[in-house]
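In what follows, subunit A forms one complex with subunit B and a second complex with subunit C.
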Partner chain A sequence: MSELTINRLLEALLEGNQSLAVVESRKLLENDVKPERIVTEGIESAMTQLDAKCTVEQFNLLEIMLVGRAVMEVMKVLYPTDGSPPDTKGIVVTGALEGDVHDLGKNILRIVLTAKGYRVVDCGTDCPVEKLIDTAAQEAALTIGVSGLITTVIPQVRQVTAILSERGLGHIKVMAGGAALKQATAESLNVDFVAQTAFDGVHYIDQILEVK
Partner chain B sequence: MNSIERINAAVSFETPDRVPVIAQIFGHAAVLTGVALGEYVRDGELLARCQIKALEHYGYDAVFAVMDVNVETEAVGSALEYRVDNYPFVKSYALSEITDLDSLSVPDPYDAGRMPELLKAVTILRREVGDEVLVVGCVLGPITLATQLLGIKKALYLAIDKPESFDRLLDFSTDVIIRFGTAQIEAGAHLPIVFDPSASPAVIPHQFFREFELTRLTRVFASFKKAGAKANWLHIAGPTDPILPYYPQAGVDIANIDYNADPLAAQQVLPKTCIDGNIKPLSFVEATPEEIASESARLLNLFADRGGYILSSGCEIPPESKPESIAAMVSATR
Partner chain C sequence: MPLLIAKIEKSERRIPFTPGRSLRDILDATESRVRSGCRGSGACGFCRVQIEAGKVNEPTPNEYTLLGSARLEKGIRLACQVMPEDDLRIVVLEPAPKSNWRSLFAEEDEVRRIKTSLTLREFQSEVEHPYGVAVDLGTTRISLSLLELSSGKRLAGRYGLNPQMRFGSDIMTRLVAASESQIQAQTMRQQVIEAIGEAMLDIATREGINLKIVTRLALVGNTAMLTLLSGRNYGMLLQPSSWMSYVDCLPQDTESWAVSWDIYPRARIEVIAPLAGFVGSDLLAGVVATRVTENEAGALLIDFGTNSEIALWDGQTLWVTSAAGGPAFEGSGTSCGIPAEPGAVYRVSLENGELDFAVIADGKVRGMCGSGLIDLIANLVKSGRLGKTGRFTSNVPGECFKLVEGEQNLYLTKGDVDVFQRAKAAIGAGINILLEKAGMGSRNLHRICIGGAFGQFLNVGNAQDIGLLPNIQTDLIELCGNTALAGCEWFLLSSEATKSLEILTEQVKIINLAQCDDFEDIFFKNLYIEPMAGS
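Now for the complex of A and B:
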């Protein structure tokens, strides 16, 4: 029975049909399927399928936004308090730096990470570097994800790793993404990783955890 | 030939004395003149003065009365935050929910927000350059204005969930654009360029462009022609290959292509439309003047036989660009 409905949930998610996805996930809960199982077999496998479809050349933003919205609604059903599981794989602090208001890509990153079991603390757009780092320190973050769409933020990006180590937070990894930053190399930005897509970023964090 | 005659020749596929060159210089004019960007975008007289200085410095074929992407949304009711050395941005959107649409009205360009300052800039520029150099005003495209009124995320979900409501928002945006653009032409602009970054295939599928944007752009461009625009110029950044075929139908005379569009593919789908572009904007910050010169030469060569070409960057030349690199692009046509 649950086998069948998890498949239905998966289909509803991939269709980006949020109301149907919510109905299916409620049914699963009523049938005593554990939220953890719904996440791994429903949500994570939806994300894996989407990941396989989305290459840098073949990227349908709206499709991801729709699946993402359905995923976030289901998470709220599963974890009514704050929409994310009590024990997460790790915390990722995201933000776009001062002077940059673009946030579509950063929102997608948040959705993909949440769906893959990470907790995301988003500092929003136009965020000073210090605030990003304070938040990462407070939250004991695993990683900071900087999104940059305009080139003028590059000097700020270059500071992040240095400030982290000054403050004894050198263990926090820094990854960068977004249209402007993905044209640069990790060395030139002074970060640990540059992601071409949001999924790329998740693979990178997954890999940090495996190494640990 | 003067600049206007030269551009006219390119638009009508006749032979100009040299290929026209237009540097998409907006905020860079402030930086070049030592004026704070935050002042530049709020003061029409200052903006015009900086544009004239930049024109004297570089000697290209057009000046721009362009502030930033928030002029219309501010006039409709969004609150902006201004910065000293940066473009402003939206702090709160005119529409918190789409259901508030009925409470909005089309702003009066002579009264609302910074619209009167932009009109002032247009008038001064035209007075200064007359019919020698092209005076370009600026409006957003319908999709971009819609995303600037409601916020881009909400607007895109609305397009999917309630296409009828999104249609109404686009119609309102179109009315705002036509009123503002027409006022610019009356104030002396030879044409208002239509900026529509959010209609880019980087953001929406090309089917959305066809279904939601095409008829509205057609209406905008028809109104501008009727009001006396010298030509219709459409500017959409990003990988536009899939939407270029729709441009002639919309009434586009000059099609801007960004660095990630293919000039040869554009020539094929736009055999009778003048094309401008497509040097990578970032290269004016990072590359050497020699590299800009050789990229310019490559483009001039690609378009040599066909004509119908204006040498330009793919998008805005970043404010922090190197003046020598901009000069290198301009000299390439001489």
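Now for the complex of A and C:
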């Protein structure tokens, strides 16, 4: 029974049908399916399929936002208190640096990471590098994810790793993404990784965890 | 449409045209211009062509004088004196030297001039019959026109690429380049001053106009372009904190410009100040030219570009914002996009399920411009080939839609649709948010004026079907062309226009989309390819 309905949830999610997805996940809970299982078999596998579809040529913002929104609603059903599972694989601090007010891409990253079991602490937009690093230190973050949509933020991105090591936080990895940064190489931005898409970023973090 | 086949140097061009213009004017709209030295009055004798086939009007007296009957018998004519009505085949005997500048047509703005009848300034000057020049300094394009100050008549106009493109196609990249190095800032500044001079020189040599009697010049532009032109405060725009405040960017060395342009040495050069933040004097000029604030009725002005500027008049307040949708409607950023120039598909229509299209100037398809993109997407949705979320349906085999295939290819990819959706959503969200701030709905709109990227080609119905424009009666929507240049001409010509500018600045409220909490939700809704919500 639950097998079948998890599939129904998966389909609803992939279609981005938010209300159906919520109905299906409520049904699953009523049938005593554990939230963890709904996350791994429903949400995470929806994300994996979306990931496969989201190559650079195949990307469609609306499709991703639809799925993302449905996922976030289901998370709220599963974890009514704060919309994310109590134990997480790790913490990721995200932000857009001073002068950059774009946050749509960063919000998608948050959804994808949350769906994959990470906790995201978002410093918002127009955020000074120092604030991003303070937050990462406080939260004992695994990684910092910098999102950049306008080219003007590049000099700030280049500083992040240096300041981290100055403050003895060199173990925190830095990844960058967003339309203005993804053409650049990790060396030129002085970061550990440059992601083409939000999924790319998740693969990178998954990989850090595996190595650990 | 009748077809003109023109042989020029070694190539042959096929140019569909609407009768009513001289052959010189028709050629002027393409890259294959004929030489010319008298504004087409039939006085210089430079614009020689040979008619190979097709019927045209009898030679004019000027042609008898300048060409003689022997040449006329061979079919040699002056292009400015020939008014073709039907299909025609010609050889351009005297091609114009290559230029970075193309002609703007006089008729387009003449229409606007009649609608707006302001009183002209009294010009006191040491020069008899002085001329004035109006300049619209755009991020992508520089457009300028030369007018007779006493009558307000536009004698000639030119447009060409802003040479700063070499430093980056968008304003942010250029502002950063200027902030990085004084030398780069100086170069960009110089490039624009020189480009304006070059365009004026093109007019002078081609139309036989004496620049020494240009006694006045007015210039409008977006704030970023004005800071780069004056070399002042370009760093300010990089800080979100200054987006709502006035940016001082009036140049302080205009006397030296007059010298380098070789115009009247004491010419009055006036750069119109921007409003605040990114809202430049180009938008203000557009508001003055279209007179959207003229009465109580609600009206909307959209100036399409990489950064589209939107102004909404609610009867008392003018709400303005700028929405950075990217350059998709200017024919850039997509795999198939090119600007609206020869070879661009500018119109796509749907008949019995089949798509048909029209190409600017010669028959060869090189890409698709903004208006073509809108038509294509609207018709793909209408014919069930594209879903409203931007996904191709099973009616489209493969990964993309193939409009033209064979010798030339023109494909619309899924990625192109995505880029289009974002550009449309940014503008749609801008419109929705302004309407919301003003407490209005589309039913309160009695007029929509469209300026910028689309020129005269936009199919308004299609633009509404895909949600780029609010749904109001299509006859209330006007295609106004370059409203910034038209407004700038008015600043040049009339003190009333300058006064209305002063009143305007008191009525404006700037909205920063980045500070709207529900931007993401509204943007999301506008990503759908469907008519705009709300009434």
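Note that in this section the second predicted complex is superposed on the first by the 212 of 212 C-alpha atoms of A that agree within 3 Å, B and C clash if a C-alpha of one lies under 4 Å from a C-alpha of the other, contacts with A are read in each partner's own complex, and residues count from 1 in each chain.
FYI, a residue touches a chain if its C-beta (ideal position, glycine included) is under 8 Å from a C-beta of that chain, and two chains touch if they have at least 3 such contacts.
Nothing here was measured: the structure is a model prediction, and the numbers come from that model.
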item: Superposition on subunit A - do subunit B and subunit C clash or fit; value: clash
item: If touched residues of subunit A are counted for subunit B and for subunit C, the larger one; value: C
item: First, second, both or neither for A:209, with subunit B first and subunit C second; value: neither
item: Which of subunit B and subunit C A:65 touches, first, second, both or neither; value: both
item: Subunit B versus subunit C as contact partner of A:183, first or second or both or neither; value: first
item: Touching partner for A:163 - first (subunit B), second (subunit C), both, neither; value: neither
item: Subunit B clash site on subunit C (candidates 4-12, 40-48, 76-84 or 310-318); value: 310-318
item: Subunit A residues contacted in one complex by subunit B, in the other by subunit C; value: 60-62, 65-66, 69, 99, 101, 103-104, 107, 126, 151-152
item: Parts of subunit B lying in touch with subunit A, wherever the complex brings them together; value: 83, 86, 89-90, 152-153, 156-157, 160, 202-205, 208, 282, 285, 318-320
item: Residues of subunit A that touch subunit B when the two form their complex; value: 60-62, 65-66, 69, 99, 101, 103-104, 107, 126, 151-152, 179-180, 183
item: Residue ranges of subunit C in contact with subunit A within the complex; value: 168, 172-173, 175-176, 238-240, 389-391, 399, 413-415, 417-418, 421-422, 514, 520, 523-524, 527-528
item: Subunit C-facing residues of subunit A, complex; value: 16, 56-63, 65-66, 69, 98-99, 101, 103-104, 107, 125-126, 150-152
